[in-house]
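Each of the two complexes below includes chain A, the first together with chain B, the second together with chain C.
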Partner chain A sequence: MKTPQYQQGNSLWKDAQKRLFRNKAAMMALYFLIAMFVACFVLPLFPIIDNPNTTNLDNIAAPCSMQHPFGTDQLGRDLLARVLYGGRISLLVGLVATIVALVIGLIYGLISGYIGGRTDALMMRTVDVLFALPFIVLVIVFSLSIEQPSRELTEWVISTTGWSRESVAPILGLVPLFIAIGALGWLTLARIVRTQTQEIKSQEYIQAARSLGLSHIRILFRHIAPNLMGTVVVYTTLAVPGIMLTESTLSFIGLGVKAPNSSWGTLIKEGADRMEVTPELLLFPTLFFCLTLLALNFLGDGLRDAIDPKSAKD
Partner chain B sequence: MIKLLLRRLAQGVIVIFVLKTITFFLVRMLPGNPFLGERKLPQHVMDQLNNLYGLDQSAIVQYYNYWKGILTNGDFGPSLVREGLQVSTIIAEAFPVSLALGICGMFIAIILGIPAGMLSAYYRNRWPDTILMLLAMLGICIPAFVIGPLFGKTLGNMPGLSVAGWDNPLCIVLPALTLGLINAAYLARLTRGGMLEVLAQDFIRTAKAKGAGTFRILFIHALRSGLLPAVSYLGPAFAALITGSFVVETCFQVPGMGLHFVNATTDRDYFLIQGLVLCYGILIVLANLIVDLALVALNPRLRAQGTA
Partner chain C sequence: MIDVLCMIRRLSTIMTVLSSILLYSCGDGETSAQHFANKRILLIGNNSEPQSLDPHKATAVADGKIISTLLEGLVRPHPQRDGEILPGVAKDWQHDETAKEWTFRLRKEARWSDGRPVTAHDFAYAYQRLLHPQFGGKYAEMLYPILGAEEYNKGQTPWENVGVKVINDHTLKLTLKGPTPHLPQLMLHFTWYPIPRHHVEANGGMLDRRSKWTQQNNWVGNGAYIPHQHQFNNYLSVIPNPRYHRRNELKNNGIRFLPIVNGYTETRMYFGGKLHITNNVPPEMISYAKTRTHEDFCRDPYYCTIFYRLNTTRAPLNDARVREALSLAIDREALVQKVVRNAGIPAYGFTPPGAGYTQAPTPSATLNQQQRNEKAKQLLADAGYAGGAGFPTLELMTTSRDVQRIMAETIQAMWADTLGIHVEIRSCEWTAYKAAQQSMNYDISSSSWSGDYLDPATFVELWRTGGGNNNTGWSNEQFDAQLTSATATGNTQQRLQHLQNAEQIMLREHPIIPLYYSERTYLRSSRHVRGWQPRLLDNFPLDAVEIKP
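Coming up: the complex of A and B.
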């Protein structure tokens, strides 16, 4: 199985691409995700979407219409706009927290796997201990405890840059979530990266690189890290839905995204409170959220089958 | 076996100690404080309250006193918000509720998830597999906080079932079903993967060649090692039950540990948060221990190595 990889060199990625393109479910998921990103990040820039915070008490809980495709909520706000802006926050938290987890997990796993020996044993025991902690409980406590510092950060950014509070506060208000979820979500990735690093390290081209006198840093980042990218891409894609689920769960119990922001989690919460009267308020955010998670999972599975055919058991 | 048990126990003690220390200092950093109610208290009353609960001492002293309280007479301190109640009393009341919910949820997850995974593996790539795996994917993607209210809405009107509270035994049905379905989805996927791997091996082919029936092959030959991935997931599944219990207990207003924890974090009830976190930590360590032992029992290769 292994030899063709070296003979073909660069075409490993092309192979993967070909396999991915042949996978209909994964490709549909990919197109769906692109459409969702455009809808959440680009569409609201145009005036066709209402302001999600404009209330209109004359038009409360309106049914679907031309003007409000998804109807309006209990304060007369346009639901479509709220779902799209909520998607912005959910996707943003999902992506940024994943990147935080990715950076920590990658560096930790690389170092642990590359150095090996006692350092490796110590670092992996630490991961074992952290793994056994009740993750969600720590995320909650941690995100609450860094709220105050992050508020100070907001003030500092406003005073030094002179940007308006309206533009800065919503994004910086998410910082505790980014850090809390990301800082606690890197464990799986660290383990995977470490195992892969150990495997690659024992191969001959690394020995060759070492005997040519290359520095450790250069071997790590020039020769080992690029070969990890396949695995990393796969597990990152598969991690995003889990992280988005964590965020929405926190928001649902009132400990995640806070006003004035709203994410899909908070919208679903609001909808669930009013499902007896206006089921649309639950239906649309749930649909958007679940379809996005579904698409991410299908894409992740597809990527895994494409990049790492050995692990695909079916 | 004994060696493994001792090692795991030692590791568990470290885990609990680390967890405790982290939460202790994190909780101290929380903005706000438990005495900020609707009524603003005068400063001297606030000082007295802080003094009464020892909150005016330095963090290190408080940390020391906290451990001393627990280790000498099992004292987790008083609840700061719910006056006159000890944390240990609250936990003693809430723990059986959450435990019952968790056990029922886990039971539902196992009886739905594992057979579904086995069926899927047996009918690999045919329609029962496609349908079951699609359902499992949906179960993973539809969060508990949607399934919960939906059940409440659709099944909550059935006679005997209740959507809120904990005053009769049938109250457990809907929350447990919600908890169970989420984990059933993960278990089904893992069981399918594990079974597929085993079914592809030579000894299964041999069994088939010797004329063993489908039932015998699936249950006697393949199940034991095919279950390994699902069993190793049960540790994390237990953690997922805790997450789930936050949501489900909030949805259905079940007075378990999850609901208390969510309320305690919003109220800044320092001692209650710490007591509950400690309790969660112990539960998770125990669950992982049981899972490790079960893995060794299922997979004799681990026994030979003496480690897991």
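Coming up: the complex of A and C.
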């Protein structure tokens, strides 16, 4: 018996994937980002990279060499190692804070858009009020106020897991930053999600789902949320650079990572101070930071074009 | 799209900032150094935003520099010869043969900027205010040489028993605790300046710590200048006081103090033509600054020590062994050579050499670093933290100044290597740093102390029990007793001996970690500035700075 040949239908996601793969700039950006992640998170696991916090006062501000490809900084620490470890922190903040913002913004926007009416008005006016407040100032106040609990968290983790302080402290010390940036960075996303939800809510298939007697939760997360994903993914890729910038701003004014650990923001600040004397200290971290931001922007643009082809024309 | 809007908004912000920088630097092709030189106004870098212009509330060097232009004491420093004294509000003075009784005769033409005469009452009022037990003046011990001043400050005796007597409007008599031939030297400091009694009384009275008498439009002073404009974190400008008795002798038309904490920024601003004199060139910029302008770079000896305060009220720093271990484990030679780039001398004691005083060698000064490290490890083990095990994470507080931060990172690494302990660095903005230090809300505080007068007492007296700038919680009766004997004796040699003994007692218990004796490195425009002289106390009278266009 012969099985009938079916033409495999193309899903929306398949189409998007195809379009993305055809976008050369976006794909290069994607490969670059993967390489950057590998460099920052995997490479330092091997002993070829020095400890970024080992000072060597006999080898201060050394120029590039085989042993120190990027040279050393003002305390004789290997700059390559510092840039890579700094990248860990900057990328991590970018990712984690974005995820925090994503979760809050998505749920808030979904609820607001789905319920509508007075609740919607109230929720959106709250967002308006929060929008009116200066973001950086709020982040500073917020991160200062949760500094103490996060320090206790660090101590607790060290005492229960027995991990060394050196490996735990740099990451856990950033928790206030994650929470502060994430908790205040969801506003734009909430608005976008709400508008989209309102639009989808009036579609026939939602009415069908409702008349079948599905619960609100099921409708929200099974039928509405998946259809928002395109917009959300695009927005997220474009939001990461902004959040990384906020982190570097905070580190620049001394509120981000604690010395001797570094992020790209602190490295750039240290380099900027000494740019007449040792320009390498400014050059390398800036190069890494700028290229990563550029790549994220390219990828975000590519994703937007792929998922929503209409928007590319405006 | 919202993203596009965000982008545009961000770009426009960047453009505004960039264009304002460009506009500012290109205006008419004339630098602000040139512009203000033509107006004969001095632009001087002044480290930090002043905490207060009230001489009884200020403690920072930056505040003192401004106050010295706004108020005038009984005496003033000689503009050419360091250490020499000229009459200020006092026209002359005499003392008895023991140098305990001093009589100052005030000049009758001295006026406050509101036209009222400066009288001996204003001085007595100022001294009473600073010493008042309820006022809480941090610098009260500067007046302790006066008989009964310490007791009054501690609330043990009424004001009548303090050796400050107003004979008449223009005669002030001071009775001192012990023979003090160097009294006029002490009086150069702003804590000995008068304040306008009538004006302070009209603004909340003597004990009102939030009095508004020092506010810009409400200011009354007797100094060479009066405040003109104050833009927070931008500048504070002063203009000549028309009622100042030496008005015709002022060499310039005003001063702008620019609070620039970051030495890199300051140095860059200097080369960008925005300053005539800077406060500080960071060590890493020294060779660069020298190659750019050899004649403008200054490197002066300075009566100043860089050290760490330890909060002796907190465990484990309440254990002297821990404190000594921390001190021994710092390789000061490497620190001074590599981080400070030789703009200083490694310090094992607190008081810098000079003014006839030499330090008795401390035991640790004779060891080499290897031996010190061994001893440090041993001490830490004795205290129960062998190899750093169980040692809590201490916080090392620094100001946001870059030199202090690099130093902190270096020492953090040294402690981790040698003792196996971890400290966390907290970098604070200046006012927050000051507040935390004064409320002893710190573990280790990166500090510096520059002499208020040319005498070792300005350093040793700091650690007196309950002293307003002690801030370590350390106290020792023997130490206080040595200080009392030093004040009581009339013999210079004996006095120095007592001070030396006191310092030895303090150094044995390590409430502080001395790091190095600092030098002053700064830039001064050789083209615009005339008449500038290096000062051990960095107290050159700014009214004697001549500005050439």
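The rule is short, and it goes like this: the second predicted complex is superposed on the first by the 302 of 314 C-alpha atoms of A that agree within 3 Å, B and C clash if a C-alpha of one lies under 4 Å from a C-alpha of the other, contacts with A are read in each partner's own complex, and residues count from 1 in each chain.
The criterion applied here is as follows: a residue touches a chain if its C-beta (ideal position, glycine included) is under 8 Å from a C-beta of that chain, and two chains touch if they have at least 3 such contacts.
It should be emphasised that the depicted structure is a prediction, and the values quoted were computed from it without experimental measurement.
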item	value
Partner chain(s) touched by A:Y108 [first = chain B, second = chain C, both, neither]	neither
Which superposed partner A:T55 touches (first chain B, second chain C, both, neither)	second
First, second, both or neither for A:Q74, with chain B first and chain C second	second
Partner chain(s) touched by A:T286 [first = chain B, second = chain C, both, neither]	first
Chain B versus chain C as contact partner of A:Y85, first or second or both or neither	neither
Partner with the higher number of touched chain A residues, chain C or chain B	B
Touched partner set for A:L144, first chain B, second chain C, both or neither	first
Contacts of A:V277 with chain B and chain C, given as first, second, both or neither	second
Which superposed partner A:W186 touches (first chain B, second chain C, both, neither)	neither
Common interface positions of chain A, toward chain B and toward chain C	254, 276, 314
Contact footprint of chain A on chain C as seen in their complex	1-3, 6, 262, 264-265, 268, 282, 284-285, 287-288, 334, 337-339, 393, 400, 402, 405-406, 408-410, 412-413, 422, 424-427, 429
List of chain A residues in touch with chain B within their complex	128-130, 132-138, 140-142, 144-148, 151, 241, 245-246, 248-249, 252-255, 265, 268-269, 272, 275-276, 282, 286, 289-290, 293-294, 297-298, 313-314
Residue ranges of chain A touching chain C (in the complex, touch as defined)	53-55, 57-58, 60-61, 74-75, 165-166, 169, 188, 191-192, 235, 238, 242, 254, 258-260, 273-274, 276-277, 300, 311, 314
Residue numbers on chain B that touch chain A, as the complex places them	11-12, 14-15, 18-19, 22-23, 26-27, 29-31, 124-125, 137-138, 140-146, 148-149, 153, 193, 196-197, 200, 239, 242-243, 246-247, 250-251, 261-262, 265-266, 273, 276-277, 280-281, 284-285, 288
